[in-house]
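Scroll down for the structure; my scribbles are underneath it.
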Amino acid sequence: MARYLVGAVGEIPPGQRKIAEVGGRSIGVFNLGGEFFALLNRCPHQAGPLCEGHCIGLVLSERPGEYRFLREGEILRCPWHGWEFDIRTGQSWFDPARTRVRRYDIFVEPPSATPSGELPGLVRGPYVAETYPVTVDENRVMVEIPGAVRATARSGMDSGPSQR
Amino acid sequence: MTAEAADDAPGATSPIDCDVHIALPSTKTLFPYLAGHWQQYIQTSAFKGVGDTSYPRGVPTSARPDSYPPGGGPPGSSLELVRQQTLEAWGARLAVLNCDYGVQAIHNPDLAAGIAGAVNDWIIAEWLEREPRFRASLVVPRQVESAVREIERVGSHAGFVQVFLPVLSEQPYGQRGFWPLYEAALRHDLAISIQPGASAGHPPLPTGWPSYYIEEYAGIAQVFQTQVVSLVAEGVFDRFPELRVLLVEAGFTWLPSLMWRFDKDWKSLRREIPWVRRPPSEYIREHLRFTILPWDAPPQPGWLLEILEQLGSEELLLFATDYPHRHFDKPEQALPAALPAALRPKILHENARAFYRL
Amino acid sequence: MVMTETSSEVRGRTKTAIIDADIHNELPSAKTLLKYLPLQWRRRHELFGGRGGRRGSLYPRSVTGNARTDSWPPSGLPPGADLDFMRQQLLDRFNIEYGILNPFVGGSGQRNVEYGAALCRAANDWLVAEWLEPEPRLRAAIVVPFEDGDLAAQEIDRVGDDPGFVQVLVMTRTAEPLGKRKYWKLYEAAERHGLPIAMHFGGSSNGPITAAGWVSYYIEDHVAAAQATQAQVISMVCEGVFEQFPALRVVLTEGGFAWLPPLMWRLDRAWEKLHDEVPFLRRPPSAYIREHMRITTQPMEEPPTARQFLQLLDQFGSDDMLLFATDYPHWDFDSPEDAFPAKLPERLERKIMAENARTTYRF
């Protein structure tokens, strides 16, 4: 496992995002109300730059003519064909079980905590994708990617096997 | 009645003919079923019946040459001849009669209601009560409130199995203005049947009036596609999960390409129709059925098998002769030879039994 | 969908040549054409603007500008209006050998056809000056007021010999079905110059957008593109356009393509029964379609399995008909690298990605 710096916590205020090249991948890190989420910046449809899309709310309906609007800003809409992905889980809205974007778990730890492990109470999703524990060290957001060996602390360049 | 139990019943594996066209000998035939002032109106005005150009009289697609009754009258107007050339020719257990008299083209709402009622009463008296193996579509005026009243009036007759809606409507059938009609149909356990018939008045192609009949004949498939998309997009099958819709004479080889396109667009544009919570193709497979004629057969039989596979369901197709329209010359040509054996009973009767809940 | 292992930084990975048969460049602003318009029309343009098709956006597109949300250039121009950004995001990024511009700049559908013709002249001059001359990879459709055959033919005659123009643009929704005689002068001029007709989704007919009336939702309008294109294929074939103009070719653009094989079968079966009505058709409809019509791949239909996609391609009965297109910068863009739901045999892939277009446009 190698950890890659994405940026300082202050760089990504709530409602904002940062797209960074880490470990040979383009990854988008989103701040939803103080919680961080990371998604691979590549739509599973036609490989569009997913994380550049608009963050919108979810429109649901139980009956024609009725609308429910919730989770504003938590749905990522691919800039190309508009597929909707739940930023928290990486799952597509229309087919959560089988169509999803690679997700990287991020969670914030106080600077003094040992890096690694998960926050208690975090519920794993039903999907197969691996989680990538991230630590914040001195107010930094980091993404951890298994199977990669990092060359330097800040370059984010991958010198190990790339993830399939 | 389960399919297995039904197989033991007499005639259970006989074909069910889901599209037979009957015709009024003349407008006067309706007089016994019409109020006096309408009879006078018809006799003294230029109204000679609706008539439409869906089926130009002389063309083989409109009528096979031997379907003209020897005693006179248009093809489909003699019960004896229809019975002989459909039920008996096929050993059919049931035939569903469609009378495309074009009532939906009538603008005068009271005349429309009167004529629709008269046609339905005529169908009951002179077809359904005289031959127990016939079932029929009931016709309705284009005005939805009036259509609901007519469904309430005759919809409980055991011989009516569906409501006839002509495909060239004024507005797409998914729209909410039609929903009281679907409610009424469901109250009487009736399916909906969308067919060529009267026109509400729009050009039959989305791009204007074509010069030739062949264009309308081929192009009617696009109007059916519009209706399929509307029914799903408007959430009709969400609102009415019990609704069954049969597309008659629409063709079906275009259906896979439509499902692919519609499913793909739904993934992108779902937010606009958020009540459609599953891919459109799922609603289509659950709620829509198609009569098999015209086959629109490809030049290679293998391609037809591919289309059948691409439909993604063996339950979609229902046998129909489309009598008296001429699609084939011999009964053995009615189903392609390449059709897989397992599919034949489904098409010939099982799918219709399930659809009509026989 | 087959996922590749490329990162987002890869450029021009594909080794296959690519000719993009449908790109939409845009006017930077409503004033752009003014410098190409004669004075008499400039004033009219400023006062009254366009009166084409219908008012307002009846079916609001799901995104602003109908464009990929990442296609807004940093320069602040609208999507498709910035040539440098188009080079970067499309031509260079995917190593496009030739790209064909089909601009929607408002001249062709004007109800005032003289004004429409003036706008089209200005648009074609703008295309040459600001797109074709600076960028040798680009070609373009001639924009014409297609509802008026004389004016359309005049414009085709004016610019049709410029090698930068490779086709004549008409819309799928027209005042009358495109097979009708009122369009024949346009076909005659196009045929004379050896230019195909590109029939592109868009425009407005005189009536509702479907034969069953006005639909409610944009998704219905979008799906209906296929239906409108089908109706035009029926019309052009059955009216005998290809008997009248034996050298004419038509490129069906942005309507998808999976519906074309079943339509060919349906038309052939109908013709077998009804050919007495159209005795001037000496061959089955599918023969005319295969010989005279080509069709762009976008928006590509996506069957649930790769196998069904390959079946679909086989059902065309011809490898010559499909032309790859991206439709950049629209939201339903097809990526040259990832659009296909199946791995194609190499020869077929080369034909679809470039060689069929090379033959059609005589590059």
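Should a chain be cited, it is by its letter among A, B and C, assigned in written order, with residues numbered from 1 in that chain.
To be clear about the criterion, contacts are C-beta pairs under 8 Å (C-beta built on N, C-alpha and C of every residue); 3 or more make two chains touch, one makes a residue touch a chain.
The shown structure was predicted, so the numbers you read here are calculated from the model rather than taken from an experiment.
Student: Quick check: more C-beta contact pairs at B-C or at A-B?
Tutor: Comparing B-C with A-B, the pair joined by more C-beta contacts is B-C.
Student: What chain sits nearest the middle when you go by CA atom centres?
Tutor: C
Student: Find the geometric centre of each of chain A and chain C from their Cα atoms only, then give the gap between the two centres in Å, rounded to an integer.
Tutor: The answer is 38 Å.
Student: Please compute the C-alpha centroid of chain B, do the same for chain C, then give the distance between them in whole Å.
Tutor: That gives a centre separation of 36 Å.
Student: So the centre of each chain is just the mean of its C-alpha atoms; given that, what is the distance between chain A and chain B in Å?
Tutor: Roughly 52 Å, centre to centre.
Student: Touching two or more other chains, which residues of chain C qualify?
Tutor: 62, 331-332
Student: Enumerate the residues of chain B that touch no fewer than two other chains.
Tutor: In chain B, 234, 266, 268-269, 271 touch at least two other chains.
Student: Going through chain A residue by residue, note those that touch at least 2 other chains and give them in order.
Tutor: Chain A, residues with two or more chain partners: 81-82.
Student: With touch defined as at the start, can you tell me which chain C residues reach chain B in the complex?
Tutor: Listed in rising order, the residues are 62, 172-180, 205-220, 222-224, 226-228, 230-232, 234-235, 238-239, 256, 258-259, 261-263, 265-271, 273-275, 277-278, 299, 301-304, 308, 311-312, 314-315, 317, 331-332.
Student: For chain B, which residues are in contact with chain A within the complex?
Tutor: Listed in rising order, the residues are 176, 234-235, 238-239, 266-271, 274-275, 277, 279.
Student: List the residues on chain B that touch chain C in their complex, please.
Tutor: Going through chain B, the ones touching chain C are 59-61, 167-175, 200, 202-215, 217-219, 221-223, 225-227, 229-230, 233-234, 251, 253-254, 256-258, 260-266, 268-269, 271-273, 294-300, 303, 306-307, 309-310, 312, 326.
Student: Could you please specify the touching residues of chain C with respect to chain A in the complex?
Tutor: Touch residues, chain C against chain A: 1, 3-9, 62-63, 68-71, 331-335, 337-339.
Student: Name, in rising order, each residue of chain A that touches chain C in their complex.
Tutor: Spelled out, the residues of chain A in touch with chain C are 21, 24-26, 41-42, 44-49, 52-54, 77, 79-82, 162, 164.
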